[in-house]
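Chain nomenclature is as follows: A, B and C, assigned in order of appearance, with residue numbering initiated at 1 for each chain independently.
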Amino acid sequence: MIGQFLDFLGADLAHYWKIAAAVMPALLKGFVETLKLALVGILWGSFLGGTLGILRGQHIRVATPLIGAYLHLLRGTPFLVQLYVIYFVLPNTGYSWLQWDSQTAAFVSLGIYTSSYVTEIVSGAIRAIPRGQWEGAFALGFNRLKTLRLIILPQSIGLILPALGGVYVTLIKATSIVSVVGIVELMRQADISIVRFPGDILYIYFLAGALYFAFCFPVLMIVGRLEERSKNGRMVRA
Amino acid sequence: MDGPGGIDLSAAIAAPGQSPGAISIDIKSVKKRYPATANSAGIVALDDVSLTVKSGEVVVIIGPSGSGKSTLLRTINALEKIDSGTIVVNGDVVTNKATDLPAFRSKVGMVFQHFNLFLHKTAMENVILPQVAVKRRSRAEAEANAGKFLAKVGMLERANNYPSQLSGGQQQRVAIARALAMNPQVMLFDEATSALDPETVGGVLDLMRELAGEGMTMVVVTHEMHFAREVADRVVFMDAGAIVEMGTPEQVFRNAQSERTRKFLSLVG
Amino acid sequence: MEDFVSAIQSAYNFRIVGQYVDEFARGIGHTVTAAASALVLSLVFGLALALMRISGRRFLSHPAAAYIQIIRSTPLLLQIYIVYFGLPAVFPSMGRLPEIFLGIIALTMHTGAYMAEIIRSGLLSVPSGQREGAIAVGMTTFQQYRYVILPQGIVNIIPALLGQTAILIKDTSLLSLITVFDLVSAGMLLNSDRVRPNEAFLTIAAIYFVIYLLVLFLSRLVEDRLAGRGWRVPA
């Protein structure tokens, strides 16, 4: 068994180079598609999640339980299932605006998936701002919106941005799943390439993995460092 | 050490139409109750409290913790809601739902126990921002104003420091400048020196003394008895949500009528 | 009222769902089996990785750290495919195993990395004085961990472990893509037989949600029990 493993490893280096050259263009094209999906996902997700998070961060009576239920629903179901529901069930309702193609369905489900994370992050960051900041502003004559815009949100950005980086990585990984509805992103490209070179399945998947890693790992490192800094920076200013 | 000597705060006392002696703050029959929860019975925070403050008067409220004195102070600028009663401040009916609260609050200055300076802004920016955002003054005017008041509280040199770089006493002085720069008609002080080191307490109290001397209408909640004795026009003793005793400093400190007042005073000295 | 009932019925036909109860039960069974097995295995694997990481010996801690970073920076689906296609290629005997085994292995390798991070934070949260006290009374390293460090560290991290369990349960849904007959596959079967997406996918979603609520409920129970104990994870 070990012998087989070593044989597998010691195989022709030239062969691997040839496969890589043949396959990488397609993989890179897929990766660009992955980045596109992730970008749309984070934009929509941040917009939706940011709004919900701001609402949720302020203990507004009606909104909090509703948003809480929405979050539980999203956190309690797998992304794959959410994708299927959005892709199969919603168009089934007959409403014309829900008759979307696979790419739109992918965008929508990625956006909604992202929003569930962003909502928590934003509302947590807002709640972390001391109550005295709100009271100081109110006492001076700021209304709620002004306080949010000028006092609270500027202070919460420092908490939100590092966490958002982590969400971005989660999102990139989730894009691999939309391959099941036919979107040709990196995973799909890898699957297609494997059909061309069925003897090199593992290698091609490793190449795809390397691409994911090359992008996600640095982002995770930066995020980690930012989080350390914001944790210490709170105590040591300027 | 920066000192507040010889401050001219008359510019801040721009209370239009407020002749000395007219009633500035009128609190009538205010009641507030915290509803009962699973863990505790309902607590009466304010028990049918009535109080009037005249223009230019300095009223000092004393009492044990939990007596409701801070709660009462915070109802004046509606940071606390009440269950029943009315509060009128210089013609604005605070308790009326239709009142534009932000506009009203820009006329009332409040100084908090924990300063509540905006942590992401420098001292100078803290004093400028409310003027520009709420009073809609031009940036130039606000800056000039800010410089003036920061100088007067002795903090102009540290104008570009962030709150995290300032001591408690310094932050409180900036907070006072920030409130004064809005030209309030009334100043509320909620235990303004309780969170300060003993060395810095005196400086802030001197500032408050000056302010009183210039004729500002002030309501002060404090534990500093000598301040109450020397600066107050009237002293109010509260306990368990109600006003127990009220009078001039001599009346309350030398000649307290109520047993509870005397007990409290003997404890605090 | 009748219109309302028939509207519900056309949107979601309970009878059709009822006809597939056996399939759903089979799917749930596989989902739960995969999740439970992966949970136990990943806890063991995660503990090993965590101990490697904090061991202070570089030939242990560096590979462990590298492994965790790789897992975190690549998609689970890719990891599953690599195990599914790769393991039988390297160890041909594995090709005869049912897919669910391969799925469990992939889930273990994935979740183990996350469990390792959680366990590591739990171990680090135990004050170092505890270890010193254990050393002072003469305990071997094994005894130190077994009697002093692990008991305290684990209590702190139970909420995080439950959270990761909820994630694991959701992750099992990807096994449907390597032909494991799990809950998702059961629904897909209904849809391919009867072309009724609502009954298929909404049922899947509902069942997952119920399982999630159970885990949530368990998590709240545990947190309430722990609240009185005084162990607090450092924020």
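Just so we're on the same page, contacts are C-beta pairs under 8 Å (C-beta built on N, C-alpha and C of every residue); 3 or more make two chains touch, one makes a residue touch a chain.
These numbers were taken from a predicted model, which means no experiment stands behind them.
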Furthest chain, CA centroid comparison against chain A: B
Per-chain CA centroid nearest to the all-protein CA mean: A
Approximate Å spacing (C-alpha centroids) for the pair chain A, chain B: 48
Chain centre separation in whole Å, for chain C relative to chain B (CA means): 56
Euclidean distance of C-alpha centroids - chain A vs chain C, Å: 20
Chain B residues touching chain A - in the complex, by the definition given at the top: 77, 79, 101-110, 112, 114-120, 129-130, 133-135, 162, 164-165, 175, 178-179, 182
Sites on chain A touched by chain C in the complex: 1, 4-5, 8, 72-73, 75-82, 84-85, 88-89, 92-93, 169, 172-177, 179-180, 187, 190, 201-202, 205-206, 208-209, 212-213, 216-217, 220
Contact set on chain C toward chain A in their complex: 11, 69-70, 72-78, 81-82, 85-86, 89-92, 166, 170-171, 173-174, 176-177, 184, 187, 191, 197-198, 200-202, 204-205, 208-209, 211-213, 216
Parts of chain A lying in touch with chain B, wherever the complex brings them together: 132-133, 135-143, 146, 150-151, 154-155, 237-238
